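Okay, so chain A shows up in both of these, paired with chain B first and chain C after.
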Partner chain A sequence: MTVSELKDKLALKVAALPYPEREISGVYIGDLLSWVMGRANCGDAWITIMSNKNIAAVATLADTACVILAEGVEPDEGVGALAEEKGINILLSDAGAYDTAVAMSKLL
Partner chain B sequence: MSEALSFRFSVDGENFTSAGQASVQVKKNLRQLGLDPEIIRRVSIAMYEGEINMVIHAGGGVAEVKVAEEFVEIILEDHGPGIADIEQAMQAGFSTAPDKIRSLGFGAGMGLPNMKRYTDYMDIESKVGEGTRITMRVNIT
Partner chain C sequence: MKELSLNILDVAENSYKAGSRLTKISIEENGSALTLTVEDNGSGMKADVLRGVTDPFFTTRTTRSVGLGLPLLKMAAEGTGGGLAIESRHKDDFPDSHGTKVSAVFYTDHIDCPPVGDVVSTVVTLVQGHPDTDTVFTHSKNGSVRVSLDTREMREVLGDVPLDTFEVLSWIKDTLTEQYSEIQ
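== the complex of A and B ==
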């Protein structure tokens, strides 16, 4: 499933979507950035409540397919624009991390 | 043997939210060189962890990346407080990061363990009150 398809199927909002056709291969949930870099796989959708600029760097380095901010969290000011520039997809979910992941497990 | 290609970056100790610029740039440079994506991922993550450490603990420093025939070498050097007990610092979960840093998602005590995990060689030289020099290598072949 692509990031764009996920966005449509779960009716997620978009903070940045420079690579809508990027394929999602799995899911990783976490807010501690070193854990994300240590454990997330390339191509995962990364679900978090962290909203600061560092998520763009972490998503770039870990090569995740997209970041999903859960619990209705909005990105900090400037993060959406930075993500567009760095080629990082960021979607927004009003649901919690668990519910978002459960919904995704039915699609992947 | 041909001369190693090298990149050098100054890591700004004041600007925490833009930390990672050097690692992201290295990722780009290594991509242009056509290195294997998994090698690039390991190099750039190990470097990012080191870069963040220099910003959190040492007020910045210098990062140098050399691309040799058999490995990519990352050298991180700072003039921060140094590491009193390297063995303790290497333990997963051990952290001296302040709360402000933790609230940003760092300071989980996984930085040095991740650097070790993602590299084939890692050496830490540190003197309390003088600074720290970390050398890491990721094998290409």
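== the complex of A and C ==
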């Protein structure tokens, strides 16, 4: 499933979508960025409630397919534009991390 | 980082990489404020680099050796109501007094404040990894030093015995553990 398809199927909002056709191969959930950096896999959709610019850097290093901000969290000012510039997809979910992941498990 | 001691490890590694000959690490507790300081006499940074070190993309893309350590440390400190301060003097501009000082303030009564963690192992790891340079560690509470280690003093006693020999590292571990047990 691509990031664009995920966005449509779960009706997620978009903060940045420079690579809509990026394939999602798994899901990782975590908020401690230093931990996520070493454990999220390439191609994962990474679900978090963190919203500052460091998430774009961690997503770059871990090469995740997209970041999903859960619980209705909005990215901090400038983070959407930064993500577009750096080629990081960021989607927004009103559901919690668990419910978002459960919905995704039926699609992956 | 789950523990502050891992931040110490990360920041201090930057100091050694910058060619520091004397790296001073301190933990100071004053009430609920905990200040973590790493001060070195390494090459230092010029103003344009210094401005960028807490920008994750500046650090990961341009000066990869700095890493994401400082942006994450800043975020962790600010998350408890504290903050991060960095001062640096580059060796080209300050040939006799160059170096970098990183200070992070955490408020330990904030729910998001990480535990201090295993500082003893951190200090042992740093000495073991950089036996040819000097490391000073102090942990003070309300102005009085409670735990301390200074490899310069150790060298006076050890003579030519390297710091990274098993017996020396074991002694460091034991003396720090003992000092910590007295302040618990």
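In this section, the second predicted complex is superposed on the first by the 108 of 108 C-alpha atoms of A that agree within 3 Å, B and C clash if a C-alpha of one lies under 4 Å from a C-alpha of the other, contacts with A are read in each partner's own complex, and residues count from 1 in each chain.
We take it that contacts are C-beta pairs under 8 Å (C-beta built on N, C-alpha and C of every residue); 3 or more make two chains touch, one makes a residue touch a chain.
Please read all numbers here as calculations on a predicted model, not as lab measurements.
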Should the pairing of chain B and chain C on chain A count as a clash or a fit in the superposition?
-> clash
Just chain B (first), just chain C (second), both, or neither: which does A:C42 touch?
-> first
Counting residues of chain A touched by each of chain B and chain C, the higher count belongs to B
When the two structures are overlaid on chain A, which partner does A:K86 contact: first (chain B), second (chain C), both, or neither?
-> both
For A:D31, is the partner it touches chain B (first), chain C (second), both, or none of the two (neither)?
-> first
In the overlay, answer first, second, both or neither for which of chain B and chain C A:D63 touches.
-> first
Both chain B and chain C contact which residues of chain A?
-> 32-35, 37, 52-54, 57-58, 60-61, 86
Residue set of chain A touching chain B in the complex reads 31-35, 37-38, 42, 48, 50, 52-55, 57-58, 60-63, 86
Contact footprint of chain A on chain B as seen in their complex | 17-21, 23-24, 27, 37-38, 41, 44-45, 48-49, 104-106, 108-111, 113-114, 117
Quick one: in the complex, what on chain A touches chain C?
-> 32-35, 37, 52-54, 56-58, 60-61, 82, 86
Touch list for chain C against partner chain A, complex = 1-2, 6, 55-57, 60, 68, 71-72, 75
